[in-house]
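Chain IDs A, B, C and D follow the sequence of writing; residue 1 opens each chain.
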Amino acid sequence: MPAGMIESICSNFYLLIFKLMPAYSTFETELQVRPDDIDMNGHVHNSKYLDYVLAARFEQMERCYKMSMAEFLERGLSWYVRAAFIQHKIPLHMGDQMLVRTHVAELRSRGVKVEYKIIRQVDGKLSAKGYFDYVMVDRETGRPRVIEPDIVEKYSI
Amino acid sequence: MPAGMIESICSNFYLLIFKLMPAYSTFETELQVRPDDIDMNGHVHNSKYLDYVLAARFEQMERCYKMSMAEFLERGLSWYVRAAFIQHKIPLHMGDQMLVRTHVAELRSRGVKVEYKIIRQVDGKLSAKGYFDYVMVDRETGRPRVIEPDIVEKYSI
Amino acid sequence: MPAGMIESICSNFYLLIFKLMPAYSTFETELQVRPDDIDMNGHVHNSKYLDYVLAARFEQMERCYKMSMAEFLERGLSWYVRAAFIQHKIPLHMGDQMLVRTHVAELRSRGVKVEYKIIRQVDGKLSAKGYFDYVMVDRETGRPRVIEPDIVEKYSI
Amino acid sequence: MPAGMIESICSNFYLLIFKLMPAYSTFETELQVRPDDIDMNGHVHNSKYLDYVLAARFEQMERCYKMSMAEFLERGLSWYVRAAFIQHKIPLHMGDQMLVRTHVAELRSRGVKVEYKIIRQVDGKLSAKGYFDYVMVDRETGRPRVIEPDIVEKYSI
């Protein structure tokens, strides 16, 4: 059987699996550009977009997943960033309002991959998108930890 | 006449003048602590409070004084900070909502002194207070400029 | 010819081309963690690593590529970030010294891909790595521009 | 005796006391402007100067006072900012190198007042000056604490 056919079968199989996989909810947080986010180019500084996503996740952890970052910290847990990716489309400027949409893309035993989109609210255009790869850690040791079942459940919506 | 009496008369005269002086309006902006504002002490980082006041002023410039920072920049003008003072009372923490109240305390030919209070919204307690001394500058040269009459008028509310 | 064989030939051809491609120099900048970079987890905040790479590139633009960011700005040019990726290995802490190594990985007509490594100086361990995808823009319009020959030459070392 | 004479005597007495008071050493730290410190006005953002002073103090705590911030934290102590003042003279720009000079101005039972000057290195001109009023706190409770004798001694140089 030629490689092309195998590839095609695999690809279809993958799509099938994907459709059977649970789809995680997308949540949305409204944020505003702060003047100190603007850099010498007159638009929001590159690394601040990552902080916007962090702010949105924190808000959604409390409001949507019903477990605030404070509760994680109290349980001796924290989320560390293992990797982050951002693709810029349209810069945000002073006074801009944005919608930060995030959803869990992968839920693993010790971590979670979150995909995000930052939307410029005035015209609904995509400003940036990407993902964060978080790992659950023990605050004392800084080492990765298996995500406990009650947290897995909370994140499986 | 002994010095103490002169001092007392001057002091009363000053109070009289002060009461006749125009009182400027106080405006209020609601802001939220962002996770990236938190420092190693687990509360909002000292210098971020100044950024909160800046954010509040920008919002109030547009909404209350009817002249946004963007309009200043377009006219080749900007406000530089000449001095700033902050007194911390109660630290703000992750997730805290705040009210930033500011008012013009002095309107001079080339600058304006703005006093502020940062209130923790949950209990109305004072978190920080202080002032900013701004000077109007020409963006090209960076040099101070006399505030034009239409701007003086806008700031005299 | 089966697809697998074609793939294999292409792959080898690609490797050949890659070996013939010019290799760009790697430059190194020494930086120090600043206390305001530390976040609630007690280590350097995720998005600050991107600012370290930016700082290293600015220093290297002047010292190594002989064209400072100021010179770009004077010529009406700037570099915008199109995409950025970061993978965290070991967190940096208060007082840590680091080496930021960067090299041009791709030089395109309108942009440049820069790969970086952030090394913890005390033990030479890798703290983070990733890449930045920059696009050259006209400062007035914010639109991409073809990189002019003298700049291409400077970046081809 | 008229009030003016009493005032004059008090004033002279104060000057005498002041001359007898111990003078604390001034220490100096060299820092560099980081590109992410630059704001929309093309110079270092107002609140970042406070972070420069913080960075200088941390460096001096370890090098000059022989007790690093890490050691304070390990002993369950931290320094909170009670008040801060800054006066801007000349803005710092991209690529600028600075000297941050600080000295203890007052050593109280629960706190310390530190005065600072930020010098632009290229021409030795004063960029900013002001003070920080720190209070020693118990990290657990966040409450002020009497500074222990060994720390008083270290800070009395």
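We adopt the following convention: contacts are C-beta pairs under 8 Å (C-beta built on N, C-alpha and C of every residue); 3 or more make two chains touch, one makes a residue touch a chain.
Quantities reported herein were computed from a predicted structural model and do not represent experimental measurements.
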- [ ] Enumerate, in label order, the chains that touch chain A and chain D alike.
- [x] B, C
Open item on the list: Per the definition at the top, count C-beta pairs in contact and tell me whether B-C or C-D has more.
Closed with: C-D
Task: Most widely separated chain from chain A, with each centre as the mean of CA atoms - done: D
- [ ] Express in whole angstrom the distance between the two chain centres, defined as the mean CA positions of chain B and chain D.
- [x] 24
Task: chain B and chain C: spacing of chain centres that average the CA atoms, whole Å - done: 40
Task: Chain centre separation in whole Å, for chain D relative to chain C (CA means) - done: 36
Task: Sites on chain B at which at least two other chains make contact - done: 35-36, 40, 47, 51, 54, 94
Open item on the list: So in the complex, the part of chain D that touches chain B is made up of which residues?
Closed with: 2-4, 7, 40-41, 46-48, 50-51, 54, 73, 78, 80-88, 91, 130, 139, 142
Open item on the list: Could you list, by residue number, the parts of chain B that touch chain C in their complex?
Closed with: 35-36, 38-40, 42, 45, 47, 94
Task: Of all residues in chain B, those that touch chain A in their complex - done: 34-36, 51, 54-55, 58, 62, 68-70, 94-95
